[in-house]
Amino acid sequence: MQLGMIGAGRMGANIVRRLLRAGHDCVAYDVDPTAVAELVADGARGAATVDELVAALEPPRAVWAMVPAGITGHVVTDVASRLSPGDAVIDGANGYYGDSIARAAVLAEDGIAHLDVGVSGGVFGLARGFSLMIGGDAAAVERLAPIFRDLAPGVDSAERTPGRTGAPAPAEEGWLHCGGPGAGHLVKMVHNGIEYGMMAAVAEGLNILDHAGIAVGRPDDDPEIAPLKGPERFRYDLDLAEITEVWRRGSVVSSWLVDLTAAALHADPDLAGYQGRVADSGEGRWTVQTAVELGVPAHVIAGSLFARFSSRGESDYGDRVLSAMRHQFGGHVEHPVTGPPT
Amino acid sequence: MQLGMIGAGRMGANIVRRLLRAGHDCVAYDVDPTAVAELVADGARGAATVDELVAALEPPRAVWAMVPAGITGHVVTDVASRLSPGDAVIDGANGYYGDSIARAAVLAEDGIAHLDVGVSGGVFGLARGFSLMIGGDAAAVERLAPIFRDLAPGVDSAERTPGRTGAPAPAEEGWLHCGGPGAGHLVKMVHNGIEYGMMAAVAEGLNILDHAGIAVGRPDDDPEIAPLKGPERFRYDLDLAEITEVWRRGSVVSSWLVDLTAAALHADPDLAGYQGRVADSGEGRWTVQTAVELGVPAHVIAGSLFARFSSRGESDYGDRVLSAMRHQFGGHVEHPVTGPPT
Amino acid sequence: MQLGMIGAGRMGANIVRRLLRAGHDCVAYDVDPTAVAELVADGARGAATVDELVAALEPPRAVWAMVPAGITGHVVTDVASRLSPGDAVIDGANGYYGDSIARAAVLAEDGIAHLDVGVSGGVFGLARGFSLMIGGDAAAVERLAPIFRDLAPGVDSAERTPGRTGAPAPAEEGWLHCGGPGAGHLVKMVHNGIEYGMMAAVAEGLNILDHAGIAVGRPDDDPEIAPLKGPERFRYDLDLAEITEVWRRGSVVSSWLVDLTAAALHADPDLAGYQGRVADSGEGRWTVQTAVELGVPAHVIAGSLFARFSSRGESDYGDRVLSAMRHQFGGHVEHPVTGPPT
Amino acid sequence: MQLGMIGAGRMGANIVRRLLRAGHDCVAYDVDPTAVAELVADGARGAATVDELVAALEPPRAVWAMVPAGITGHVVTDVASRLSPGDAVIDGANGYYGDSIARAAVLAEDGIAHLDVGVSGGVFGLARGFSLMIGGDAAAVERLAPIFRDLAPGVDSAERTPGRTGAPAPAEEGWLHCGGPGAGHLVKMVHNGIEYGMMAAVAEGLNILDHAGIAVGRPDDDPEIAPLKGPERFRYDLDLAEITEVWRRGSVVSSWLVDLTAAALHADPDLAGYQGRVADSGEGRWTVQTAVELGVPAHVIAGSLFARFSSRGESDYGDRVLSAMRHQFGGHVEHPVTGPPT
């Protein structure tokens, strides 16, 4: 079927390409004409303006906005102003689900459906398929099902869950109408919160293993640090690329994230290409904020988010406060940065 | 090749069965003769005593102990006392790696190799293969490689990591000689620590989604609880079985743990069969303790462990301390358990 | 000087009483005439309506609203509509500082000053004095300084900080103009966040000590729980009322919260009067949310907030998810609630 | 009464001085004769060897060892070998309480009492008095009560707890016989764990306030970071020295740690003298390890410990793992360290 795509960046372009391969008719627009041209070369129709894109689609239209989270509100509102009752706008950005609820209500006044779609799969989505979590009007979701079905990985990409038989449900194909407006972005938000926690679990574990040789050459008589009992337990030199590789098959932690970690460590065993200043997007933050609003504990997800903040030096002032207190009550003096290991 | 197995419980029996299917010659002993008889029915040779088991093996022997963590030390020491120089004992329990280091040193004095093998895969190992993390003498590991290779899932059980070519490394088959004595149990310990963190991430996320309907029927005027802003954001009724199902394909959190969660929720959507008193074994505790000894942060793994403690009511006294403080400084009185939602 | 007080609950009434004792002229209004009558008996003037209260004050007026957080916005807006340019409204509730910024901007359009004042001290404030954190227009704060000074505990209530000499600064008297609109509520919000963390630290420590006899009578052979090494370390029967008492003098943790804990434990050594369902107000939540917005780590404050949520059973669903996963991969069955200790 | 002191460092010397001021007879030994000479100048008797010190005391003797935690075991064992039945050794170091249990058992075989005494008060103890948490033989504690009483701050150093009347209990004077061997060091260990948590709560809160001006000059269009909503809430320039000062009187967080923080900030408002590499001693680590062994949650204390580890760069490898994962699945590239604020 027909789909208009606004935004031909990494994600938007791959969505279009996957749809083209499945035989859909896509019209693409981007502020960067080069990005559009590349999609045209792959079989899409190009549009030089949003108006052109809208004109190139037959009602009831479906326009997917795949633009940075910071501007998705503007883009959705703008395109909606050019659409007609019965049309649908799909917001595929990592947006805050509360904003999606509000936007859907506004568009509904003009008879335009607003679908909020959380898209997971990253740069691998073109080949593996995208996981789609969809919120909004049920009729619009049903109408656009062919799009979602072809974007999703398909039921064969994993063994069926025990007990599930018959025709696969959409969730088994990799897409799901989660509920009314906002539900898609809500589920995607929590998905990313879980992702933060899983990533941190792996990182913490590997960090422990990376330190497993700490007793080699360590001074034992520094009064400022705790002495090491049983140093024979801390003299390993482990190969983390091989360890993550072995976890990929048959282990309880086998997961796509472990697959990716094994790939990264195979390519760069010392991770020398990274500084460890870990960025975060809104999703992790919103998840913690929502947990707080709902009054449910989220030790792990919050801990993983805060660790990212710390990785960027955001705990420095607090750390200096701690050293200042220690100096006050105990006369303790900090080790200089260039000093012995602490 | 030949292997003696002491312990024919769930794990030991499945290891034997998987080896039998691959054509190995297994001798099994268990305190429970019925368990041995079942393995004999599947093609193993049975032994009525440890001595019988030892006598049934040709040197250099390999005896695998797969018994509860609490008694593995006794069993290993006991069987080693009946073995000869050149033989090997494999400790496959979830043991503390420091104990494995000590035991290997003792057995080495008698010329007996001690291999500590972390085994992951649970009840699915028979069919999927077991993930094996091995520590100890390199020569013994090499000699027993056929055993490990056939127990492991094999390279075909996952796509190869990009950049890996040629003959698959053992890690790609699903087994790895991680290092000297203790390395296997150390890597398994950290594996389980990661597992705790991943599980908690999933549980927290689903708990958030489970609360996403909190605004339905909620009183808004209780001075003891924070008022809910934007209640339209908290009126969802989500189907968590479908949501975990959709995450199984193409999403960043796709993992065996999500697979299992989807299966559990499909079978029992309300999880009515569980009380939420979550057990923990030594592995998670040792991981946190080791992190503390090494001086590396483990917010997520520790948080997941503590949450299990709390699930069993172990924070109750501390919680009463908090309520007592609040009563002292603010005159606050607790809501009765049977009262309004807090 | 003159002050009108709207709200004669626990906090509002004690503020009036402390001002009366210092010789100020207070007019009080409350929806409950009895509460007003009690203040009149203590020397205040009573008002039957807000209009009466406003009429009883000479311009430039100062009206303090001390009402529950949920209605403070309405009350402030309402009273401001009856005031004149040059008057001031003081919002003493535990309000969200972002709301205070917005309200101050609205009132400023009518020439009315809005001061947001965080008040700490609880039920002891009448005797000990209140700690006041003030945001808003500097001129209004200066005009009302006599009120703030007399409400505050005064410089003699603690030793002067080393290096501070000369006339005490307002902060040394116990009140502070923290900054522009919202600054008072912001500082109070963070104060309460710190309070949550401190309280949790004490509660966790006492909970550890409360468990220090865990080895007495504990079964050692439960395969579902980690065996206890060195049980001689866990056979204490400690007197927590005495322990908190000893911490009150000379120790690094000496603090008002420890004072209160010692008092609570002296009065009720088993804390039998509490169930351990710990309430939270908006302050702790806003602190965590603000930390997330600012991108700064708050492991401790968030951890203390989440522990309160868990104390009220809000982790139950997530805990059941964990047990379900464990059942899936390991065949583990939960201990019944009435079973052996886990 | 008489006391021998081994170790005339900061803590040992101040203990001797406080006892001398109270009229006790002290004999001091240290490997550094200068330290002894200084105490002799203050009225102590000096000893050139441990034997001399023992000879200078009349039985039943009491010898206090106040040496670094790493060597306290050696010192206690050594001095005990020179003592007679009925004598007592006091271990005042921050030792692990399990070691104290073991040492007390060994000394008991020779009829020598071993008291483990946790000492809090830091460099201020000489003037304020020391808080003493004591474990070991009740008779020895009773015999040495005059020593403990004079070291402690005394009942007048804080208001009496409501409900406590009559002759003050030892805990009210600031010293407590907590229980049998190890109980003193156990209670001190947990005290320090609480201290870690309280310190972290203050540090986190001040760090939040330190960031309260984050919106000033912040770019709003970086796709790698979450956009800032309501930037008017983040334009403060707060004076943290004044804010901690105001919290010292009447607030719920008033505490010695806040006193010290206010002093540190008054002396060095930017904390320019600190780098924020926060040391930890064994106490915090042992507290977390003990919590894990006991199966009780310690989110806050563990979080505060891990944050210290992170402050020293110990999360760096894990952070690089996270960035590597993000690069793998999303193609995300880290901001260079010298780049825009993240």
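Labels A, B, C and D are assigned to the chains in the order they are written; within every chain, residues are numbered from 1.
One rule holds for everything that comes next: a contact is a pair of C-beta atoms (placed from the backbone, for glycine too) under 8 Å apart; a residue touches a chain by one contact, two chains touch by 3 or more.
Source: prediction; values computed, not measured.
Visitor: Fewest touch steps from chain B to chain C?
Guide: Minimal hop count between chain B and chain C: 1.
Visitor: More C-beta pairs touching across which pair, A-B or A-D?
Guide: More C-beta contacts join the chains of A-B.
Visitor: Farthest chain from chain D, comparing Cα centres?
Guide: The most distant chain relative to chain D turns out to be A.
Visitor: Any idea how many Å lie between the Cα centroids of chain A and chain B?
Guide: 27
Visitor: If you average the CA atoms of chain A and of chain C, how far apart do the two points sit, in angstrom?
Guide: Spacing between the chain centres: roughly 37 Å.
Visitor: Between chain A and chain D, tell me the centre distance in angstrom, where each centre is the average of that chain's C-alpha atoms.
Guide: It comes to 42 Å between the two C-alpha centres.
Visitor: Note the residues in chain C that touch 2 or more other chains, in rising order.
Guide: As it turns out, chain C has residues touching two or more other chains at 122, 200, 202, 204, 206-207, 211, 225-226, 252, 256-257, 263, 280, 285, 291, 293, 295-299, 303, 306-307, 310, 312, 314-315, 318, 329.
Visitor: Which part of chain C faces chain B closely enough to touch in the complex?
Guide: My answer: residues 10, 68-70, 122-124, 199-200, 202-204, 206-207, 210-211, 220-221, 223-227, 256-257, 260-261, 263-265, 268, 271, 273-282, 285, 299, 303, 307-308, 310-312, 314-332, 334-337, 342.
Visitor: What does chain D use to touch chain B in their complex?
Guide: By the definition above, chain D touches chain B via 252, 280, 285, 288-289, 291-293, 295-299, 302-303, 305-307, 309-310, 312, 314-315, 318, 329.
Visitor: Can you check the complex and tell me which residues of chain B touch chain A?
Guide: Per the touch definition, chain B meets chain A at residues 97-98, 101, 120-122, 125, 128-133, 152-155, 157-159, 161-164, 169-176, 178-180, 182-183, 186-187, 190-198, 200-202, 204-209, 211-212, 214, 225-226, 228-230, 232-234, 236-239, 242-243, 245-259, 262-263, 266-267, 287, 290-291, 293-301, 303-304, 306-307.
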